[in-house]
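Down below are the structures I want you to see.
Two complexes come next, and they have one chain in common, subunit A, joined by subunit B in the first and subunit C in the second.
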Partner chain A sequence: MNLLQHLINGLILGHAYALVAIGWTVLLGVARLVNFGHGQIYMLGAFVTWWAVARLGLPYPVAIGFAIGAGLLLGLIMQAAMLRLTFEQDLVSIMIVTLGFGHVMRGVAGLVFGGNPQVLETPLSYVDFELGGAWITGQDVMIVVVAIAVFALLRFGLERGALGRTARMVAEDPKLAQLAGIDVRRVYFSVFAFEGAAVALAAALVAPRTPILTNIGFEEVIITFVVVVLGGIGSVGGSYVAGVALGMFTALFGGFVSPAYASTAAFGLLILVLVLRPGGFALGARAGR
Partner chain B sequence: MTPLLEARNLRVAYAGHRALEVPHLQLAPGELVGVVGANGAGKSTLVNALLGWSRGHPRVDGQVFVRGEDVSGMATHARVARGLSLVPEGGAVFMRLTVEENLAAAGPLDGSDRPAHSLDEIYALFPRLKERLHHLASALSGGERQMLAIARALRLGPSVLLLDEPSIGLAPKLVTEVLRQVRSLVGPKLSVLLVEQNLRAAIEVVDRLVLLERGRILAEGPVAAMRDDPRILQAYLGEAVA
Partner chain C sequence: MTGALRLAALLVSAVVVFLLPAQVPALYGAFTVIAILAVAAYGLDIVLSDLGEVSLAHTVFFAAGAYATGLLATRAGAGSWATLGAALLAGVAIALLLGLITLRLREFVFSLVTYAATVVAAALAHNWNFLGGSDGVSGIPTFDLSIGPLALTARNDAELWPFAFALLLVTLYAVRQFRRSRPGAMAMMVHLNPRLATMSGIDVRRVRLGIFVLSALFSAAAGWLYAYQRAYVGPDLFETYFLVLMLTAVVIIGKRLLLGPLLGTALIIGQERFLSFGGDVNAVILGGALIVALAFLPGGLASAFTGLAARVSTKKDPREDVVDA
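Then we have the complex of A and B:
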């Protein structure tokens, strides 16, 4: 395989990583919260998309809407269950509760969708382009385009105007934000709903690249964690750079050294970057940016 | 005339221990009332309870009315929208936002029928803030932060401004300046409840004094009648002075 193909693979993988991680970035940046059920929302988003396309016969774009709706609903349910913990910023309990939610989601998915691997076929998977001897599918192009669009919108939205200010006020001091007339409870619900919807969107776009199983999702949480930490916690721009960089590194390491040790090398890179640059790749290093 | 703020049977308890018990308290339009008392008397507990706000987990009972409307069951942000505004102890501002962003973030609330202070009015009141517009709040001095915190509260268009120890950590000259500015704010549409440890400074600006001790109102009345009340000195000095 030529270098160009590895670079293209890395670019696509990197945008997929960034897209999977964006919900967590906002969750951490705005609400100082974590969601270890993130990977299982990814899994359910993939299954819902597959179910809508394969079982209901719906067009792929409509199926993506179904997945986003399911992710949003899951985010709201999780936040409703954890509201008291959220207000107390009890991160340890939130971590355990979200892990529990992840296992429940996995069990429910097995019950509803069965244990067999499923393949999500989309019209874009069959559209190929050749670029200097390297191949790229329409689905891959869509991942890159949507990831760039989501990051650009979010960075624009969080940097300018009232939305960004509100996010930064809640991130800095949720109690004080209440005195500024902000409905912090609504902000927390919105952020969790966004987190669920964003990861479900990522699943709907990325899942056609791999078989869909109920045990997928754990790797996505780990990748998300690496991207969010490398990017500088809460930094939207930093997460984008970190996602693309991690994808590039994984593809090039896998292509030229060993695919079996790509994850090991990625964590080695994480340690190295955090030792040399504790703030990660944060651009501006401000919460919500 | 309907009071701008009224509290009835306000009780606050932490982990079952009573911290405050106020049968009745009210602020008439255009009134500046000082709440004084020794450390731990329940002054901050009182203003926090009026807003349903706390960094702890108190149990709060009783009724709070703003311009005649019962706001007791409302969350803090909703009470702010009804016209209650609190500047907590230490002049809390958003440290990672600039002065300009702090003021913009506290812009007039949607749907409010009360006039909010415009930015020009804020700069006329606190010219120093205009000079420091693009500085992060974390780079301001204690006095400037206090001014910013008050300015931020005024931008919300309050009917009642609750100030918790605005003089804390300030140089004596600055205390006089800040309290004089507070006095100038009071009018028919804005009353102020001033919690103040600095009794001498408070007496110079308030209309009425409420003396708290161990969570209860020990005495209250017009400042002229209260300024020589021995119970005030007793509360502060912890010994009978009469």
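Then we have the complex of A and C:
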């Protein structure tokens, strides 16, 4: 493969990473919450999309809607279980509970969808065209377009609008926000629902690129960590840049060094950044948090 | 209960537990595995309960001990004393490296990096031929701790049980002493009030690093015995199953209770061995128990029971029922 193919591949991969990570970026930025079940929601989103297309025979866009609905529901269930812990700001317990949810989701996926790897075929993956000697599919283009759309929407909605102000106030001081008349509960529920729905959307779009297994969540989550930390924790713009940069890095590393150790190299990058710049490379004023 | 009575009760129950499998031989396997995995969980317990951080890398220390044992025993023909030393060394080396990297990290960034370390270790174990790759290391020879004329070998679970029991007792004693020691007190201070700790002249980073490394010793020692128990070491040791098992064992009974992780491990392994519904349902039960324990039972099962007991016996002063750790 030539360099251009790797670069284009990296660009697509990078947008996929950014899209997978966006739910967590918002979760951290708005609610100061974490979700170690993130990778498993991705896995379930992929399975639900596959199931709706292959088993129910639904068209792909409807299947995406199914996945988003499932992710949204999962997010609401998780937040409902953790409401007391969230108000106590008991981050230690929240982290462990989300890991527990991840384990449950893996068990449920095994029960419902079985242990066999599945392949999701979408109409867009058959559309391919050449760009300067490199091949890309319609599915790849869609990932890039949707990622850019979601990020633009968030950047202007969350970081500029009134909704963003409310969310930031809750993140800074939930008690003060409550005194100011903000329904903090609703903010927490919406943020977790968004996290679930965003990961599921990402899964519905990205999963057709790889086989779907019940254990794909385990490795998926490390990429999200790296994107979130590199981007400056909670920064929407930062995580977009970090996602694309990481995609480039992984594609080039996988192409020229070793594909098996790509996630190990990403981890090495994370360590390097944490040692050199603990705040990551945030674009906005929220750096260093 | 007075101190002497308490000690006597503990001694009697320890003897009963030790002798029980001899009466019901079907219990040997479960009891040995419970003892081993409980020791691994105590490593995590120290970091979680005393330092207040969620380490997701203790499966790596556990696996490091197991891999060091498996590789040395099969390729260099090392005896069990040598593999014990190597297992502890491997655990300490990795903990030191990871501890230095995470020295300045707190809360979720700490957990995130330790989790990433587990994912990377799993990738290494799967792909590096030196570690046996996806096939792992099989054919680990029998356990042999013989010193001179004293023969100490174990070929099966029944013969391994006394050693697992001894390792468990050593671990329980060490954890108890640690909590009463100066480093243990410093750990609690660093956990509950890091600023006060700094003002009292405690080097917070050194205490954190020291406890992280100490905790790895327990998990690595458990990995050492687990390698002999299974006679096989493979990348499956890095699966989230072991991680969730250790976490559940630590929190389900209640944090900072000396016997908590042991009883927690016993509950989980007991369910899997004697009341199993298949791997997927077991995963749902294990993860569900973890969620319920933390989200709906603050203080774990222990405080739920004492709360219930206090409500039933209204005549008694409820303060008597408070469990002292």
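The rule we apply is simple: the second predicted complex is superposed on the first by the 285 of 289 C-alpha atoms of A that agree within 3 Å, B and C clash if a C-alpha of one lies under 4 Å from a C-alpha of the other, contacts with A are read in each partner's own complex, and residues count from 1 in each chain.
Going forward, a residue touches a chain if its C-beta (ideal position, glycine included) is under 8 Å from a C-beta of that chain, and two chains touch if they have at least 3 such contacts.
Computed from a predicted model, the values in this text were never measured in an experiment.
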Which superposed partner A:Leu99 touches (first subunit B, second subunit C, both, neither): second
Touching partner for A:Ile136 - first (subunit B), second (subunit C), both, neither: neither
Subunit B versus subunit C, judged by how many residues of subunit A each one touches: C
Doubly contacted residues of subunit A, that is, touched by subunit B and again by subunit C: none
Parts of subunit A lying in touch with subunit B, wherever the complex brings them together: 162, 165-166, 168-169, 172-173, 175-176, 178-185, 286-287
Touching residues (chain side subunit B, partner subunit A) in the complex: 51, 53, 55, 75-78, 80-81, 85-86, 88, 92-97, 101, 104-107, 109, 152-153, 156
Residue numbers on subunit C that touch subunit A, as the complex places them: 48, 52-54, 56, 101, 104-105, 107-109, 111-113, 115-117, 119-120, 122-124, 126-127, 240-241, 243-244, 247-248, 251, 279-284, 286-291, 294-296, 298
Of all residues in subunit A, those that touch subunit C in their complex: 34, 36, 81-82, 84-85, 91-93, 95-97, 99-108, 110-111, 218-219, 221-222, 225-226, 229, 233, 260-261, 263-264, 267, 270-271, 274-275, 278
